[in-house]
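Several structures are given next for inspection.
The following pair of complexes shares a single chain, subunit A, combined with subunit B in the former and subunit C in the latter.
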Partner chain A sequence: MSMAGRFLGGAQDRLLPAAIPFRFFVTAAVFHLLAWMVLLLAADEVAGFRGGTGPVLAAIHLLTLGTLAMTAIGASLQLFPVVTRRALTRNWPGHFSYALMLPGVALLSWGMALHQTTAMQLGAGLTCCGLLVFVALTANNLRRASSIPVVAAHGWLALATLFVAALLGVLMIWGIELNILSNRSGLAITHLTLASYGFMGSLVLGLSLVLIPMFVLSRSLPPNPGWAQLGLTALALLVFSISFVSEFPGLIWLALIAGFGGTGFYLWQMAKILRSSMRKRLGLPFVLIRASWGFLILTLLLVTAYLAGLAIPNAVSLIGFVLLAGWLLTFLCGVLHRIMPFLASMHAAGKSGLPPLLSDLTAEGPLMLHAVCHFSAVTLCGIGIVADQSLLIRIGSALGVVGAAGFATFAIIVALKVRQGPRTS
Partner chain B sequence: MAADGLHVDTRGLPPPDPLVAVLWHITQPERNGPVIAHFDRDPVYLLPELAERGWSYEYGAPDSDEVRLTLRPAP
Partner chain C sequence: MSFTRRTAQLLHEDHQQTIIVIEALDQLIARARKKAPDTNDPIVRKTLENASGAIEEEISQHFAFEENQLFTRLEEMGDVSIGEHLRGEHRALLPLGQAVGTMARTALANGFTDESWATFLNTSGELIERMFAHIQKEEMALLPALEDLLDAETDIELSTAYADSH
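Up next is the complex of A and B:
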């Protein structure tokens, strides 16, 4: 608990112990590094990947569950109590969720890489239990929310889609053993869509309504565009899922139109926030965040082109890569660049005086290395997938490894500074 | 402005408006004296921003209705 929190005590304190969010963030940085390393080893299989177990699937889950979900859980546990004005009732579920997720994701990825069904089943079980604890904890907080209902509603959509995506994931893993699945590729695409656009996307869209104005120092926006963004996103996810279950492909165009609509409302609000920013220099985090918005548009354009029958080589791999490494990973890294030193400063703050400067709590060199290598990696891998050139994917993945190592260095430096403890003033 | 300084009451505002309102007031060119900011939650996200602008803070006595911070330019 921060000094300020201890001083204020009780329900006023909505700042979690630093160990909870930072444990998730540092672990996400390590899984991020592992994801690029496995992709480097599997570079020959990336362009032609169409599903199935193996190292590419392992790299995908090291990225989605290990990096994106870990970051999302750490950030949600920290931010939702602030947004909802309701403190988490207990801290132990956060630790418990982490204790289940860490071995779960490691075991699941290991099993996927080596085609070990038992390891996958055990890993999926542990991961789902960890996610369930997170869902229960967040749902309990959202249920008591009294502030910013539009952000809380995005949280509900994220939890609902996470639940269905996890269920489909478990079904597919058990289906390997039981051989009961007829439309396996349809289930896999629905699982990916609900996990990425659904769970992660809803959190990104919802928390952006608070985080982006906070980062750039801009007033909050009226709620109606946020509700429109949420409604269209929910419609897109629902119609997309129905189109795959009912095998009625025409519906997918309706889902796509709704997806473009939701994205349009989101980006319009982000542009409005940036225009009224009080902060003139937004720095490296916003180079990443702005680029991620470009990747979001690119994924939707690629899906449109693919559905329209345009001959894009290895389109499925390319869309998945741009979606996960382009949009979501770039956005989350941009947010972590900014929020980790910020949280460290908050946790070091005393009941009076001056907390440490953000510039004293960050690591500019490793962050710059990460940003340069990340953009190079995404670009080279993307070109490599389209051109079916394993060498380009290998070089890109190697740069991804270097960038992820830079990011992990930054995360560890900040975490060590937090461990030094709060000021005594 | 009250005798003890400028009071900025942010209670009832959604996040991040309290943060933005207080920072707007302390960055006005003529603002040198104390600012007493009233919040309905612990403004933890404000503290790093104050440090960046060279303003110190001091929490007021605990109150069930509000959190009060007195802000001054750091010496």
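Up next is the complex of A and C:
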């Protein structure tokens, strides 16, 4: 391990070998590209999608498991040891989790696209094993946490919801074969909600409390709003799941109110952090991050309108699209834009023996291309879904492919620059 | 961030002061871009005055304290790498801070030429980029590590010595 590579490390070894987070990040960027490609091929089926196997479901899982979960795992494995001030006990489970996830997600998506039950079952099995390794590794770290308990508690909620979401996913895939599940749509919506708002959402909400202040160099926040955000989010997820699985729809309004409350506390804290930011020029990543917060609000408003009976054409597809491609994907791309060069600077060697500049470890052109194409793609696909216009969805998806290619170029360039530095074991 | 150890809190406050100066420098560069600014402008003068004194003085004292008092203690605890990495960044930052300080003093006396502004722009740009990343690393990794490293007695001793040296 290089001198720079041992930063945060040494005896405590809180910096993982670069290979662990970067292979998750680069793979996420590649699955991101594949997700838009499959969506492009399936453009005719997107607006009317109501579940079931096929290319749209494959695109959704390339995005959720391939892109969002891969990013979340890579980031969590690196960030939780720093947040908790406790090193991971071993590095090999990180590699093992990746080795299971990569073929698992590929096989699962392949099986979904081509209606191949065996491929889906095998893929789901491998993916769940990879996720289980991640859950065990992170739980062991959170158990020993000595600082920032509110962030660690968000981590626990994320792990718990991931476990249940994965279980429901496996149940549904085996249910296709055995045909034993009676409330499939309730299970599917609960699975999506726990995976997106639960697993990904809890990580976004929790790690934002650490990452956003660090990015913008702001003053510290009191912990109580963070606990309120966590409590309301957990309540919303629990009540939502009960209402769908038990087919008791009245409870969903309580879940929605709690969801608005948790989101309100989160956004209030984010606004406070930005107001006390000591940096004025926050750059392109914060264009993405701020926009993602807008998409989060839009998602909740769309859910409210849908439940209130407002006639929004293809509302279910629209809500799913804004949730996944609008909120979560936009947020994670913004965060990766910032943390990949930052993390690379701790591993890469600079000229003349001095640490490298962050600007030497990034690729501004491809990132700008991604941002422009991403926003255009989300807008056009969203309009295409509402207007039931496959052509708009096709053009939007094509722009999504171009943007994702730009982002993958950035991720590969950063990873190559890390590889060019001294080996980090 | 807020810290329970006074030493960490003092270093954090130093960071905030440095960010104010560096941020003002960043704003100056963003406003002026390739055209040399008028050094008779009060805002430009104030920014250059801060850059000429505060950066050089602040970072040299701050860096020396970290290297002599904190990194050595971390190394004694077996945590060598934080100090090694941050020393490397100090080696890059200190000459940049000194160069910007010297150029700012010259500009306050004689104004900028196109050539001296271009040099100032490049050197300040590198200082700003390196300094923001450096502070982020210290805020995320070094200062939290002090919470575990320092006992109450050592914390008082170190923080008092550091406050007296300012």
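The rule is short, and it goes like this: the second predicted complex is superposed on the first by the 404 of 425 C-alpha atoms of A that agree within 3 Å, B and C clash if a C-alpha of one lies under 4 Å from a C-alpha of the other, contacts with A are read in each partner's own complex, and residues count from 1 in each chain.
To be clear about the criterion, contacts are C-beta pairs under 8 Å (C-beta built on N, C-alpha and C of every residue); 3 or more make two chains touch, one makes a residue touch a chain.
Since the structure is predicted, the reported quantities are computational estimates derived from the model, not experimental observations.
Once chain A of one complex is fitted onto chain A of the other, the partner contacts of A:K280 are limited to subunit C, with no touch recorded for subunit B. Of the two partner chains placed by superposition, subunit B and subunit C are both touched by A:V82. Of the two partner chains, subunit B and subunit C are each touched by A:L357.
After overlaying the two complexes on the shared chain, residue contacts for A:R143 are found with neither subunit B nor subunit C. Judged by the touch definition given at the top, the superposed model places A:R90 against neither subunit B nor subunit C. Overlap of the subunit B and subunit C interfaces on subunit A comprises residues 4, 7-9, 12, 14, 82, 85, 147, 213-214, 217, 220, 278, 342, 345-346, 353-355, 357-358. Listing the residues of subunit B that touch subunit A in their complex gives 14-17, 19-20, 23-24, 27, 40-42, 44-45, 47-52, 54-59, 62, 67, 74. Of all residues in subunit A, those touching subunit C in their complex are 3-4, 6-12, 14, 82, 85, 146-147, 213-215, 217, 220, 278-281, 342, 345-346, 353-355, 357-359.
Every residue of subunit A that touches subunit B in the complex is listed here, in rising order: 2, 4-5, 7-9, 12-15, 82-83, 85, 147-148, 210, 213-214, 217-220, 278, 341-342, 345-346, 349, 351-358.
Here subunit C touches subunit A in the complex through residues 1-2, 15-16, 19-20, 23, 26-27, 30, 74, 77-82, 84-86, 88-89, 91-92, 126, 129-130, 132-133, 135-137, 139-141, 144-145, 147-148, going by the rule given at the top.
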